[in-house]
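The structure is given below, and queries will be raised subsequently.
Just so it is clear, A, B and C label the chains in written order, and each chain counts residues from 1 on its own.
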Amino acid sequence: METIEFILVYALILGSLYLLMSLGFSLVCGVLRIFHLGYGVIFVLAVYGVWMFMNDLGTGMLPALIGMFVIQILFTLGVVYYIIVKRYVEQEEILLTSLLLVALVIEELINHLYPVTAGVNIPTTILSGVTKVGAATIPNQMFVVAALAAMITSAFVLFLLKTRWGYIIRAVSQSTRSARLMGVKVERVYAVALVLSIIPPTVCILVISPIWSIEPYLGTPFLETAILVSILGGLGNLRGTVIASFIVGLVASSVAFLINPRLVGLAILVMVFFVLVFRPEGIARSESLW
Amino acid sequence: MLLELKNVSKSFGGLKAVADVSLSVEKGEIVGLIGPNGAGKTTLMNLVCGVYRPSEGQVLFDGLDVTGLRPHRICRAGISRTFQIPRPFPDLTALLNVAVAVLCGKPRPRMGFGDALLDASHCLEFVGLFGKRNILARDLTLFELRALELARALATTPKLIMIDEVMAGLNPGESSRAVRLIRKIIEEYHVTVVWIEHVMKIIMEATDRAVVLHYGEVIGSGRPAEVANDPKVIEAYLGEKIAQG
Amino acid sequence: MVRFEHKRAELVIWLGDLKLGWSIEPRYWRNPLLGMALLAMLPLAFSGRPDFLTLITTANAFACIAMPLAWQMTGTGRLNFGPQLFVGIGGYTAALISVHWGWGPWATLPMAVLVGLFFAALFSPLTTLAKGLYFSLITLVLPLIFLELTYYFTGIFKGETGLFGIAPLVNLGRIKTNYIVSAYMSLVLLMVFLFVVFRIMQSRYGLYAAAINDDEEIAEVMGLNINVWKVICFTITSVMIAVTGWFMAHYFGTFAGVTFLPLPFMLKILLVVMIGGRGGIYGAIYGAYFVVILEKLLTVIGPTSHFLFPLILLILLFVLPEGIYGMIRRHRYREYYPTIRVRRR
């Protein structure tokens, strides 16, 4: 009985974490219809950007956050959008390879500037200590993560359903050709989607950094999880992403408690494999973003 | 009976593209398949060629049940087709395009690569593309691409060729050349032809029999002149007068 | 009995009644025989420097991975983001058998081939089942799964340090001779692979590969059994890559999954293929030497080379869409220059 409590509680916690991780990837996937293989870099840039401002430049927390966002936006628009996406939407092999390369370059650069041994400490602990939920002991920070996941997802959904830009984004995600015929500047929508996709992963990594090991290569496992959740949820469908993230959370916590915590990464990869082979359309049946 | 379709249907989800079509084609016939846009003509062709699997019904070819077989087996059985929007191999030359058909279309265990190229050259020469044999397929004009399609269809030594709207996009001069070419093919190779076409003049002149499809169903079949004056057919075309000479 | 004839563009050798002919490119810089002779002289030229010999051997090994990969990308019509999986499979088979049972390299070779064949046959249905983009993602994920497995079963695979003490390829006493002979062995492997892949691409099977790459639905309508040919292509190329893994395990004497399985190695191989000119066979050799020499040059700069190297490759990818090989050798119009397509509807 205790084990089931453990599993369910952790499933919810991990699910919200994965949701926050994957939201941006799903958004890019749904609107641009590309696999943003450079997505892992967003996490790395977020953490080390803030660290750079606070540690090397001695600024406070808020200016550091703003500075980091500026860097992220510049990087996304300047490098990812203008150089890669705009030129190579048609030639996908170059697109995917260059996104992977960019991720590698940034990760190596950051590894060079801030090697793992240096240690990174970002004081974003909002709730410290732990709480016992049933039989499980959970760091309070994770509740913050869960709350933020719910808030940001709702914000995105409201944005997509109620605002004008949300309409336009949903339209582009269904058919770029028709959207263009209606006078939508599709390139601008792509840029907006790319910038919006920065927000969830940045928030995610900043909030969990006190309780997570920070190293320059942490982008890759996050990217893998995001890929799994997005594909399982039906590429680029936010509703499916929400459901899928909790399914993956359940699987991860079951594997961790019933088999071996070291196997969670492997379990996620194996799930990606089977989903890709047997049901690449995922669980959602919709062709649009929501 | 060379080709026989028995109560063939195909649904895509809720949409019934082809509904209970029964059709038979004798050896040596030239059958025209007509109908308004969206009537299911190309879907029917895809069903016969194996690109789609029929939801219901049976397709019999030359005594063989080819329902739902993979396209390459149906090609080996002797059915060949052209495409409305030409689909060659864009990065290969015209000669190599036809050579693929030669090598794969019929089991020829002793055919060497050089022999295949020779055979392909013959097919190209027959359709008049021999001079363009070393041009990449992506650089050919529309008419040449259509001729290439026909050459490829011929190269698989078919018993039945299904031709899909070969006139679309051609100017009148090219159209008459295309019709002459198809007539030449029929005379030389004695193939049976199922010809999907929109241009009524061709159907009237070149075909022995016309079958009319509307919303996936056969609404008329018979000599072209009779079919053209059938009130149901005229209604299907929304009163378009098919009385050109 | 044996006669040599030299016509204007052909070299003919008569062995009694048997006529063997090689066509010689009149322009010398395009002559493959010349290129091979040049490559054959390299190990002798650097016989004093074991680090250069390792460079040459590594470059040959990269080319041995890139050439089958180029064939595979056209023959299956999909972009394979995980060729290093079979490098890992071949290498680990050789390493495990050599370390645990003490077999020499020539005994582990058939085992590496068999195990590679088994896994290639196991994964080959993916080429028919999975649509283009999903196949690329699956191949991206598979080596990572293998890597996680090597970490989990540390007892067998020895985790991050890898297996060491693998029997060397040759042991002729003096270390320098070992290096030179190994370099020549890698060259022989390269030439065998080059011969195999090149002849296949020139034959009807190369035509089938081109047809499958360009439009597999049409190829099927024209009578080509695409499933069978895709599976055959994938299996043979994967076995070839596994053999290269075998070679690398025995050459370096150690084999750790963490060197070969994660992303950076894959990107190097992929860039050898792309910079060497998109699926070209000779281009892979140029690309391999270029990438390996570039990496070596950059290590002189120091630790910054870790991010400069992928950065330079990225810039090259943008600036030279046809690759270096494409730049110095304008491909002939009639020659098949494949378009690599990732997404297939």
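FYI, a contact is a pair of C-beta atoms (placed from the backbone, for glycine too) under 8 Å apart; a residue touches a chain by one contact, two chains touch by 3 or more.
Bear in mind the structure is a predicted one, so any value in this text is a computation, not a measurement.
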| item | value |
| --- | --- |
| Chain occupying the most central position, where position means C-alpha average | C |
| Most remote chain, CA-based centroid, reference being chain A | B |
| Inter-chain centre distance, chain A versus chain B - centres from mean C-alpha coordinates, in Å | 50 |
| Between chain A and chain C, centroid-to-centroid distance (C-alpha), Å | 35 |
| Inter-centroid spacing, chain C versus chain B (mean Cα positions, whole Å) | 43 |
| Partner chain B, residues of chain C touching it in the complex | 203-204, 207-208, 210-211, 214-215, 217-226, 333-334, 336-339 |
| Residues of chain C that touch chain A when the two form their complex | 79, 81, 126, 129-131, 133-134, 136-138, 141-142, 144-145, 148-149, 152, 263-264, 267, 270-271, 274, 303-304, 306-307, 310-311, 313-314, 317-318, 321, 340-343 |
| Contacting residues of chain A [partner chain C, same complex] | 35, 83, 87, 91-94, 96-98, 100-102, 104-106, 108-109, 111-112, 220, 224, 227, 231, 262-263, 265-266, 269-270, 272-273, 276-277, 280 |
| Of chain B, residues touching chain C in the complex | 49-51, 70-72, 75-76, 81, 83, 87-93, 96, 99-101, 103-106, 113, 116, 134, 136, 152, 156 |
